[in-house]
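For reference, the structures are reproduced in the following blocks.
Shared between the two complexes below is chain A, which pairs with chain B and chain C, respectively.
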Partner chain A sequence: MSKVLNIVKDFSPRPYGRYPSDGDYCGEIFRKTLLAPMLKSALQNNETLIVNLDGYNRYGRSFLDEAFGGLIREEGFTIEQLRNHLCYKHSLVKSIPMLIDERIEAAAKSTSGGA
Partner chain B sequence: MGLKLDFNTAHFLTLIGWIYVFYLNNRGLKRSDISRTKDSCITTIEKIIDDVRKHADSSESNPLTIESELTYFATKVEMKIKNLNSMTAKELISAENVAMIIRGCDTSELISNKEYAKEVIDSLADSCEKIEISYRELYFDSNILKRMYERRESEIKGLTFGLLILVSMFQIFEYL
Partner chain C sequence: MRKLKSENIPLRSRIALKRFENQVNRKTKKYGRYKGEQVQISIFGHKIIYAPERICLYSANSENDQTYIETMKFVSKLNSVSKSEKIFIDFKSTIRVEAAALLMLYATIDNLIKEKDIKFRFSVPKENSALKKLLKSSYIYRLMNRSQIDYDFNNRRQLPVITGFDNQYVDHLLDYIMEFVYSDSMDPENEHTFGDAIQETVHNVGLHAYPDRDDREKQWWLLCQVIDNQLYLAIYDLGVGIPKTIVKQSFFMARLQNVYPKLYEQVMNISRGLALDSFIPYLVTHMTDAEAINLSMQPDVSSRKQDKHGQGSKSIKKLVDDTDGGKLWIFSNSGLYFKPQGQEPGLKPLRKPFIGTLVQWNINLK
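For the complex of A and B:
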């Protein structure tokens, strides 16, 4: 079983920035209001959360780092939990999921809990 | 004594001639299109290098504004290189890896750390070189058979496999 979170439809057509001071559609708000609660629910029900990034091609590093890397740094998830229960895809721009991979790895390295 | 050809042979030779002219024309157009796309990829990357250098030298740059600019270029470059790779039927350079240099750039670090900015610029310059070198290897340095094999690898393998099956079948029928 899996749940799908579509960023463009469920959050904003133009997500941007890291903190609320950067705008209402920043990575921190996305993580706190949608990503982390849905991932927690997926973990409890032993499901996979699929984050669909399609529809917007200019995701910035700061947004992706705060949203996905923040799951480990701020929300306390481990990298194994993310590997087993979180999936993200962009059908057109492959460097976006690649960057998310990189930011999750970096967050895991920077915190002892994610190792 | 002039060479006399019958009507059918003359038409056949004319057709072969036209097919050859069509092939040459098509090949020339495709090559110029590939060359234009390759130049366009390099120009875009060079534009990014200039932008990165400009922002690294300026103390008034805003990291988020630079990031917006870079992400736009990252997507643009990734698409262009993907087009180039599919036109040449060979991966001249990984589109995702080049886009990652740009999209993954830490813009706060870019402004404050000259060494980091230099690393980003060097990586982008390496990508430009790699595109030029791969393009040159594909069209000028390797011999025609190697080039043909690289570009039509799957078709050649399929043809060889098909022929092998046909020969095997003939051999089996002869044996029976």
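For the complex of A and C:
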């Protein structure tokens, strides 16, 4: 079983920035209001959350780092939980999921909760 | 002619002889040689400021940096005017204005109008049509005339200088670059590289340039122009400068240790038990501003939680390394960072401090 979170449809067609001071469509608000609660629910139900990033090709590094890296740094998820229950994809820009991989790895190294 | 009285003749002769001797003595001398060049200082109640022959920043990276020095002197003169003063900029000697300097000039004038209510007039010689066109298309004319300024991103014409806050206009600008510069042939990967770099640069302005200002005061100016098959993309801010803010960043010490280990050791020796702020003055005297900019451009060097900040530099460098003929210039305070595609950066001290920070990419268009 899996649930799908579509950033462009469910959050904003133009996400930007790291903190609320950068605007309402920043990484922190996305993580706190959608990504983390849905991932928690997926963990509880032993499901996979699929984050679909299609529809926008200009994601900034700060947004992706705060949203996905913040799952480990701020929300207390482990990298194993993310590996088992979180999937993210962009059908046109392969470097976006690669960048998310990199930020999750960096966040895991920066916290004792990471693998 | 009146006949002279005979008793006046010797006196007149002596005066004539003296005048002749004086003329002979002064024949090789110049009058007013200690007064300097005579320049008109005002016109119609406006103080005249003469623009230099070349308004250019790039010479800062060459052995002869005189045009950079002259440009900065010109900008400093503009900035030194008093509140509500009337200024006349005379471009009669100017033969060339280059992209980055044009952006800086625009921002300087814009800021002076807002902060000091300066009223500007200007003159460009009739025969210098190229300069007239450049000042007009960049909207410097409109700015100095205090005309309404709107941006049209749906037109193939060169964009003027754009100013905004945060990510205002960033998507419009990227749409423009994709449609009119790359003729809709930019692939999604490239779009992400451009989008990420520009977003992170304006995000950095908000974060680091104006640490003590409200969000609506964190202004940037941007110029996107195609000149001789090169795309020039420059973003300028009037903030405190990278070297002043980098030392306060949480990732600073880890990067200092990795890139400048000797300096790190010196700092550690003198700073035991003291807060970071207390040895900033030591760093300022032992690290050049160019080295400080270089530190801001380093990737993560530790695995600390605080390393999440300072990510923008990777996005900024990626655009240069991923694009053909890419070059990155960063001017900030007294330092210049210059990085050509695939090469190590060059660091250079600036003889005359730069006002604010300018990040520029030059990218060859295929």
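Here is the rule we go by: the second predicted complex is superposed on the first by the 115 of 115 C-alpha atoms of A that agree within 3 Å, B and C clash if a C-alpha of one lies under 4 Å from a C-alpha of the other, contacts with A are read in each partner's own complex, and residues count from 1 in each chain.
Criterion: contacts are C-beta pairs under 8 Å (C-beta built on N, C-alpha and C of every residue); 3 or more make two chains touch, one makes a residue touch a chain.
Worth saying up front: this structure is predicted, and the values here are computed from it rather than measured.
**Student:** With the two complexes overlaid on their shared chain, look at chain A and say whether chain B and chain C clash or fit.
**Tutor:** Superposition check on chain A flags a clash between chain B and chain C.
**Student:** Using the superposition described at the top, determine whether chain B or chain C touches more residues of chain A.
**Tutor:** Of the two chains, more chain A residues are contacted by C.
**Student:** Going by the contact rule set out at the top, does A:M98 touch chain B (first), chain C (second), both, or neither?
**Tutor:** Touch status of A:M98: first partner only.
**Student:** Between chain B (first) and chain C (second), which, if any, makes contact with A:E28: first, second, both or neither?
**Tutor:** Neither partner.
**Student:** Taking the superposition on A as described, I'd like to know which of chain B and chain C A:G69 touches: first, second, both or neither.
**Tutor:** second
**Student:** Where along chain C is the clash with chain B: 21-29, 129-137, 147-155 or 201-209?
**Tutor:** 201-209
**Student:** Would you tell me the residues on chain A in contact with chain B in one complex that are also in contact with chain C in the other?
**Tutor:** Comparing the two interfaces on chain A, one with chain B and one with chain C, the shared residues are 16-17, 22, 57-62, 93-96.
**Student:** Could you pull out which chain C residues touch chain A in their complex?
**Tutor:** 166-167, 170-171, 174, 188-189, 191-196, 199-200, 203, 206, 215, 300, 303-305, 307-308, 311-312, 314-315
**Student:** Where on chain A is chain B touching in the complex?
**Tutor:** Residues of chain A touching chain B: 16-17, 22, 57-62, 93-96, 98-99, 102.
**Student:** If we count contacts the way the header does, which residues on chain A are in touch with chain C in the complex?
**Tutor:** The contact residues of chain A facing chain C are 14, 16-18, 21-23, 57-63, 65-66, 69, 73, 92-96, 106-107, 109-111.
**Student:** For a test of understanding, state which residues of chain B touch chain A in their complex under the given definition.
**Tutor:** 63-64, 67-68, 71-72, 74-75, 78-79, 95-96, 99-100, 103-107
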